[in-house]
């Protein structure tokens, strides 16, 4: 009989104890907080642009002649590795979500979120969604820089596919990094978050098509779902866009996203032990 | 079932590593509208106890009901009815006080129209109206605690948990927080407060539980706990040391007198304390003895603590 | 002057090995890039103009080494900046220790750590099928040149730290490490680099350091690039040490 105890309860939009799976008003509030972090720290978006840009331009300066070898399907190494740089920026943004969550766990902010009656899924969606929106800040300038130094201008469809995949990859990376944050409960796991995401990207068909990879590397890349993601963006800059490649990329992202989300929710529940 | 605000039976938290108990076999019943002080030194299990009660930790054994709901079976209902201010006020330094309160309102499912007025009201109540649009990074320690309290109160919880609310605060901020806690009690909110400061427990709590090594070693009103340690006495200073034999004789009708540490004073053990003051004044006056000073000396909670646990509490806050 | 330098060097080394979170990246990051570059781009040895070599892994090993040594130099700078921030450094300079010992201690530590780093990548290379073309003598040459290169990078790191004083600023140099790497022949033959990296790399000392390390591993005892490597490394050590000592002086004159 809790009503006896309550002095004067504020009118609530719903019965306590009965919660929607996802409370979108709360998600929105959490997303706003996540974006604040980026908008209020001057220069916070810079690393997400500068590092992949240096990486991209550097790779092209160093290994640019690689496309003289038959099999790349393009004479522009820049066009070939551009997806890697875009996804690197996405992975970095996603990884930062885990880094921030680690900080929030250390500082007690996650405790505060968990103390609210909102559902655990709401909290996870809020975290991941704000990462996915944040990636829209570094990626357009990065794409423009690439085009300025000679990358092909994508078609409208190419732009759409690029951004859809980049946003989804950010969400997957953010979920993965959040799992690590919930396991280690500390910012100390940050290098592990960032390096595991970067490795997933590099150990794919990142620098060369599958056929040109060393046999051991080819085996890894063929089993690495991120290869499908890289190829999903690559088709917008090298060769033609096909439904099959697009579909494979989206499916890979959805499967990874589903598995990681469930895992993250389990970890979030276990957090209370 | 009596409508307790907090009831625990055999509550335990044991950590898998090493199998040590952080909280062991705690039975607790806190009435609605009561301020319950949980007293113990660092590492005694106070914070673990709070985390168990607010659903941030799952008990290893025993049960706990908070605001009428089981913390394990219905944690969401518990969360909807409690307000919590944890020890380290985790507040995002980049956000303003007002923004944080609004976020907290939304997370607690307060209807959209009510969010802004409710946040403003709470800011006013903790005296942060002017600082409301400043980023929290610029707040002082006391301001952060007050904002933390406002966030804990945003949904008008029936039970409020305050984990060491004044640790590290300056005396004036501490007094402000105390008066807010009293006000909440007057409005009928149950307050569960942990502290390592005796004075705080003495000042605020209707009842005090003493925890040491994860176990509840004593529990009662502050006065009753003190009474367990010893009776209060009245310390009397005389103008003329020659009056001492007479003073000892006449005050025996009120309590048990004994000579004090100097030739011009005596101590009279009494049952209650201030209640016997008038009687003592009367008998001394009737005997024509001129009294220079008179003071009731009560045992402190530290005496209780010493007796129950064999150690002193750190008394840094007594000043 | 020698005893305090050695003592400070020993302290710096001990601290490095006690912080695995700083030590591990020195080995892990270059290893990841080594694996990805060789696994992904080994076919580039087929490019016309790519020098005759025993293998692409052999060719890439020195890139991993200089990368690791540069990161270690940056970390030496971060460590010094942290000591400045924490006030330890002030305690050090008020002690009756020669100023030069403070710089020398760090450089000695970097040289010793470099032997471990270079040896690690040599072993990794040998395990995964690389060879040292110039044999055991060549491996010794690589270890010595690697240590000297580490001294040069550590001196640069310290020179930056004395100016910047804040660890976060030194940390911010991280992308530049890669920019300098990409503008050198560390990863790829200089003649095959894209413009303008091909011409810039001719002026980049790192090119000569990397080629000096590469020659005994991938090509054999060809003395011109090896001696060029030692000469350029020596010159960088002299210039960077002077800058570091000047930075220290400047910091001291600025102290209240």
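For reference, chains read A, B and C in written order, and residue numbers begin at 1 within each chain.
Convention: contacts are C-beta pairs under 8 Å (C-beta built on N, C-alpha and C of every residue); 3 or more make two chains touch, one makes a residue touch a chain.
From a predicted model like this one, the values you see are computed outputs, not experimental measurements.
Q: Could you name the chain whose Cα mean is nearest to the mean of all protein Cα atoms here?
A: If we average C-alpha coordinates per chain, A lands closest to the whole-structure average.
Q: Average the CA atoms of each chain to get its centre, and name the chain whose centre is farthest from that of chain C.
A: Chain B.
Q: Roughly how many whole angstrom separate the Cα centroids of chain A and chain C?
A: 33
Q: Using mean CA coordinates as chain centres, what's the gap between chain B and chain C in Å?
A: Spacing between the chain centres: roughly 59 Å.
Q: List the centre-to-centre spacing of chain A and chain B in whole Å, with centres computed as mean CA coordinates.
A: Going by mean C-alpha positions, chain A sits 47 Å from chain B.
Q: In the complex, go through chain B and note every residue touching chain A.
A: Residue list for chain B touching chain A: 3, 5, 32, 54-58, 67-69, 74-77, 79-82, 84, 86-92, 94-95, 99, 102-104, 106-112, 114, 118, 135, 151, 155-156, 158-159, 187-190.
Q: Could you pull out which chain C residues touch chain A in their complex?
A: Within the complex, chain C contacts chain A at residues 21, 24-25, 28-29, 32-33, 35-44, 46-48, 175, 178-179, 181-183, 187-188, 192-194, 197.
Q: Taking the touch rule as given, give the residues of chain A at its contact with chain B in the complex, in rising order.
A: 1-2, 4-14, 16-19, 23, 25-26, 28-30, 32-33, 36-37, 40-41, 104, 107-109, 111-119, 272-273
Q: Help me check something: in the complex, which residues belonging to chain A touch chain C?
A: Listed in rising order, the residues are 50-51, 54-55, 57-66, 68-69, 71, 188, 191, 195, 198-199, 202-203, 206-208, 212-214, 216-217, 220.
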